Amino acid sequence: MTTRTADHTASELLAVMSARLLRDGQVVFAGVGVPLLAATLAQRLHAPGLTILFEGGVVGAFIEPGKLPPSTNEQRCARRANMVLGSTDVLLLLQRGYIDIGFMGGAQIDQYGNLNSSFIGDPDHPVTRLPGTGGGNDIASLTQMIVAMKHEKRRFVKRVDFVTSPGFLSGAESRREAGLTTGGMYRVVTDLGIFGFEERSKRMQLVALHSGITTEQVQTNTGFELLIAAELAITEPPSEKELKALRHLDPDRLYTA
Amino acid sequence: MTTRTADHTASELLAVMSARLLRDGQVVFAGVGVPLLAATLAQRLHAPGLTILFEGGVVGAFIEPGKLPPSTNEQRCARRANMVLGSTDVLLLLQRGYIDIGFMGGAQIDQYGNLNSSFIGDPDHPVTRLPGTGGGNDIASLTQMIVAMKHEKRRFVKRVDFVTSPGFLSGAESRREAGLTTGGMYRVVTDLGIFGFEERSKRMQLVALHSGITTEQVQTNTGFELLIAAELAITEPPSEKELKALRHLDPDRLYTA
Amino acid sequence: MTPDYAELCHRTHERDRSLREKVMSLDEAAALVADNASVGIGGSTLSRTPMAMIWALIRAGRKDLFCARSITSNEGELLFASGASRHLLTSWFSQGIVWGVSRIMRLYTETGRARFEEWSHMAVGLRFRAGAMGVPFLPMRSMMGSDIAHRLPETRLIDCPFTGAKLMLVPALNPDVALIHVQRCDAYGNAQIDGLPFMDLDLAMAANRVILTTERIVSNNKIRRAPDQTKIPFMAVDAVVEAPFGSAPHECYGIYEPCFEHLDAYAAQIRRDPEEGVRAYLERYVYGPKSWAEYLDLLGLRELLDARRRGTSIHDD
Amino acid sequence: MTPDYAELCHRTHERDRSLREKVMSLDEAAALVADNASVGIGGSTLSRTPMAMIWALIRAGRKDLFCARSITSNEGELLFASGASRHLLTSWFSQGIVWGVSRIMRLYTETGRARFEEWSHMAVGLRFRAGAMGVPFLPMRSMMGSDIAHRLPETRLIDCPFTGAKLMLVPALNPDVALIHVQRCDAYGNAQIDGLPFMDLDLAMAANRVILTTERIVSNNKIRRAPDQTKIPFMAVDAVVEAPFGSAPHECYGIYEPCFEHLDAYAAQIRRDPEEGVRAYLERYVYGPKSWAEYLDLLGLRELLDARRRGTSIHDD
C-alpha cells in the first residue's frame, strides 16, 4: 500500500484531513504527534477559536512553528497557553463534559473502534509490548473521538488483541452497558479515507474516500468487512495552503516524515 | 461564677493555659479566637517550631501582633505564612494524618467531650440557632483535640442538645464504632481547670485545678458528675511574661476582653 | 440533587465554551441568574465575597435562590432579609466570630422563615469537588457519628469495598451558577486568584455557569505570559464583570482588607433591632444607590482608602 | 495495597513534621530509600524527572524498588536495566513518541524480567489523589469496559449508591517515598513549582516520605513573601537536595529544555543493541562519574547551555 505521492506524505494527508474535521469554537483534547499537529493546523487555518488541551495539563495551547514538543508533557506545550493544570485535573475536564472532541493516533483498531496500544498477541505472553494507554483510555471513555492512523491490514483488525481505549466494545449498546454513557468513536481518519460508525450496530463504516482511492483498495487493506455509507464522499486533496501551513509548523518533519 | 481577677481576664487565663499544652514541633490546627491567640502565644514563648494551620487554608502561619484576624479565612492569616491552600485541601491534611492537635473553642460540651455549636434546644424548633460547625466537625473527627471554653453549668451538660463535633459520642468504644478510628478529645481547658478523659469510659475527668479553684467549685459549675484524676495538679497562674506577650498580640482585646 | 451524568454533561456541552469575549455589566450578569436557581457563592466569610454580584441580584429582585457557600457572613443576612434566598447551605453562618451570633440568621431560621442547611466545612468542599470532577460522590472520614449527618438524608454511610472501614459519602453539588470574585481576569474569563483560594476552583468547575466579577480586567497576553497562575479557565466562565472593590465591605486579598468600621456599624444597627436594622441597611446601601460606584461612595472614600492601605501591605514584605 | 487508615496515620505521625532544616547530599538522600520500597516518581515523560535522585539510587545499588510514575521515559529503562526496579506502574512507557517503542521496555517485559503494570493516566492520578486525601479509593468513569481494568484485580466496579450508574473505584496509592524535582524550595522543603505540575502535588501528599531535589535552595523569607506559590508544604518533606540541572537530560520548565542531542544519541545506541547499549550507557553516565557535577560535565557544557537557552525563552514573552 502506498499513498505517498509526490505532493505529500501519508502523515501529511492524515494531518490535513483530520484538521478539516475540527470546527471553530470546539474544545479538542489532542494527543502528541499527528493530532497535536492537526489541531494546531486547524487553529491556524479555519478554526482560530479552537481550544486545544493536552494531557500534560495545558488548556488553550498555542504551539509555535518549528517547536513541536516530543510529548504533550513538555514545557513547549505550555508556552503561551491560557492555563496549565495538573495532569489529573486536565483529564477530569473530560469527565466533567468540557471537551467536544478527543483526538489521538492509534496502533491497532477494530471494527467497533476499539483501540489497542498495549499488547500485540496474548497479553500474558505478548509478541510486542506497546507503550500503553497514557490518557488514551480516559479520553476514549469520556468524549467523542477522532482517531488518525495509517491504514494497514494488520492495524485494522476484526477484534483488537487488547482493548486499551474503548470504542463501541462489542457494538450495539455494549459501550453504554459497560458504564460509558457519554462519548464514543466519531471518526477514524486514515490515508485511504474517512470512517464513521453505523448508528445501530456501531460497526465501522466508510464515509469518504480520499481522491484516487477505491473502495476495493480500502477493503483490501482492512482486516474486517467494512460497511459503506449510502452516500460516499470523495475528499478534496490537501491544498497548497494547507500543506504550506503544515510544513511551516513542522519544518523538521518530526511528525510528518 | 467569676474568675476574673485584677491580674487577668478569664479569656486570658484560657489562652495562657491552653498555650502551655502545646509542644514545640507540633502541628496545630487552630480555630479563630482564643485558639488562634493561644497557638500564636505558644509559638512566641516556648514553641518557636510550632506549626499553625488555619481552616482558611493557611499552613505555617505567623500572626502579627495587633493584627488578629476576625476569622481564620482572612488575608491577615495568610501574611508571611509558608503556604496557602484551598479550604478543602487544608482540611484534607487532617484526614491524611498531618496534624497533631486540633484546637478550638466550644459553646456547649458534654461528659464525653461532644461539642455543640449548632442548636440550643430541639434542632427542629431551636431556642437558639448557633452558627454551626465550620470545620469543627472535621477537626474533631480526625485529630486529637484541645478545647478552650468558659466554664459555665449551662455549657457543661450531661448530653449536648446536638453533637456538632464528635468527642467520644456515648463513651467507651462508641467513637471508634462510628467509624472515627483516629483522634478524639485530649484536653478541655476552662477558666476553672484542665480536663482529660478517662481511658475506658471516656468520661470527662478533672486533671488540674487553676490556682485558687476548688474541686467543689468545678463540680458546682458542671452539669454532670465529674471524674477526678487520682493525682490532681494545680496549675501555675499566668506569668507576667505570658500576660505581657498575650496583650502584645491582642492589644485591642479582640479575643481577651 | 445528584445529577444524572448524561444530563450534567449535556448542560456543559450546550454552553459556548469557546475563547470569546464575555464582558458585561452587573445588571446583564444578574439577568443570567433565574429565580429558584441554585447559586454557589465563592470566597469565604469576609474574603473575596462576590458582594457586587449579590448586591445586583438583590436589586434585581431575585427570589428563592438556593445558595451554597463554604462559610457565610453578613451577605447571607442580606440574602435572607431581602427574600433573595430562603435556603442557604453552609458550614457556619454568622457575621463573624467577633460580632457574636447573627441575629438575622437566628430570626429567620428560628421562626422557619428560611433554612440554614448545615454540612461540615470539608463536606461542602468535597461536594463542590465531586461536582467539579464529574463524579456523583466523594468519600470522607468526618461527619460520622455526629448529629449533623443525621439531619442530612443525602449522605450515605458505607463499608469501604477495599478496607471494610466505615466511610461517609457526600453527593456532588453542581450549582446552576457560581458567583466568584477574583483579583484579575481577562475578557475571556481566564482568572487569576491571589492568596487564599478557598473552594473557588472546585466551585467554578462544578457549576453549570460561572459569573466572574473582577477587580480588574487584564489582557489575554498577560494571562498567557504566566499560564500557571490561571486558576479558573475561560471555558468555564460565562460572564466577566469588572467591579472595583467588588467585595467591599469585605476584603480582597492583596488589594484591600475589610471595612471594619462599616461592619461594626452594621453589626450595631442589627443588634439594636434586627428586622428594622437590616431593612434600613438594605434600603440605604443596596436599593438606594444608582450604581456600584454610588454604593462605594456611600461606603466612603476614607474607609475604602484605609481598607486599601491595610490590604496592600502584604506586597511590601 | 490499600493501607489501613490507622496505620497510614501512624506512619505520618511518626515523621518529624516540624519546621526544620533538612538539606543533605544526593547520597544521604539515597540512603533514605530502602530496597523493595515503593517509590513515586514526580514529573512526567521528559519533564521535571527527578533524574539526579534516580541516578543516585542506581549508583547506590538499590534493588527491587516498586516504582510508580504518571508517564515513564528512559529513566524507566535505566531503572529496569540496572535492576533498581523490576516493577513499574505507569500509564505509558517509552522514551518518547518520536523515538518509537522502547526496546528496553520490550526486552524486559516481553521476557518476564520485569513488569510494566498499566493503569490509565487518570487512574494513576486518582490513586495518588486518594492517597493524598487519606481516603481508600476514588470513583472515576473511565477504564470501564476496557481490558486494562480486567488485568487489575485491585479495581472495583460498583453501582453508584446515589445514582445507580456504574462507576470504577481505584484504590489509594501511598508510596513509601516520593522523589520530586522542583525549580526551587527552601531548606525546610517548602517547594515552588513553575509550569506543569503533573501529579506531583498529590504524589507529595500521598507518600510517606518525600525527597525533594531542587535547582536552587531559596530562603524561607522568599517563600513567605508569596505563600500562594508554595505547592508542597515543608511538613510533607523529609529531604532537600540542591541539584542543578537535576532533571538533565530531561527538562525543567522555565530553566532548561531536554538535551535532545544526548537523547537522540542514547536512542540510537539502544536501537543498535538494547542490552549492550543500555549497559554501556549506565557504565558511562551513571556508574562512571564521581559526582553529579562530573555527570553534567559528561553531558557537556555546550549541550547544557543550549538546553538552558531554549528553556529560559518562556520568560521572555
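Think of it as A, B, C and D in the order they're written, each chain with its own count starting at 1.
Methods note: contacts are C-beta pairs under 8 Å (C-beta built on N, C-alpha and C of every residue); 3 or more make two chains touch, one makes a residue touch a chain.
Only a predicted model underlies this, so the values are computations on that prediction, with no experimental measurement involved.
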item: Given chain B and chain D, the chains that contact each of them; value: C
item: Other chains in touch with both chain A and chain D; value: C
item: Between B-C and A-C, the pair joined by more C-beta contacts; value: B-C
item: Centre distance in Å when chain A and chain B are each reduced to the mean of their C-alpha atoms; value: 58
item: Computed distance of Cα centres, chain C from chain A, in Å; value: 40
item: Distance between the centres, which are taken as Cα means, of chain D and chain C, whole angstrom; value: 37
item: Distance between chain centroids, defined by C-alpha means - chain B, chain C (Å); value: 29
item: In chain A, residues with contacts to at least two other chains; value: 58, 78, 80, 84-85, 92, 95, 181
item: Set of chain C residues in contact with two or more other chains; value: 5, 134-135, 140-141, 165, 167, 195-197, 224-225, 228, 317
item: Pairwise touch network: line, ring, star, complete, or other; value: other
item: Touching chain combinations (by label order); value: A-C, A-D, B-C, B-D, C-D
item: Residues of chain D touching chain C in the complex; value: 2, 4-5, 134-141, 156, 158, 160-163, 165, 167, 169, 171, 194-197, 221, 224-225, 228, 317
item: Residue ranges of chain B in contact with chain D within the complex; value: 24-27, 49, 51, 58-60, 62, 78, 80-85, 92-93, 95-98, 100, 181-182
item: Parts of chain D lying in touch with chain B, wherever the complex brings them together; value: 5-6, 8-13, 16-20, 132-135, 188, 190, 205, 220, 223-225, 227-228, 230, 233-236
item: Chain A - residues contacting chain D, complex; value: 32-33, 55-58, 70-71, 73-80, 84-88, 91-92, 95, 118, 123, 126-138, 141-142, 162-166, 169, 174-175, 178-181, 254-255
item: Residues of chain C defined as touching chain B within the complex; value: 44-47, 70-71, 90-94, 96-98, 101-102, 105-106, 109-110, 116, 118, 120-123, 125-126, 128-129, 140-148, 151, 157, 165-168, 195-202, 251, 253-254, 257-258, 260, 311, 313-314, 317
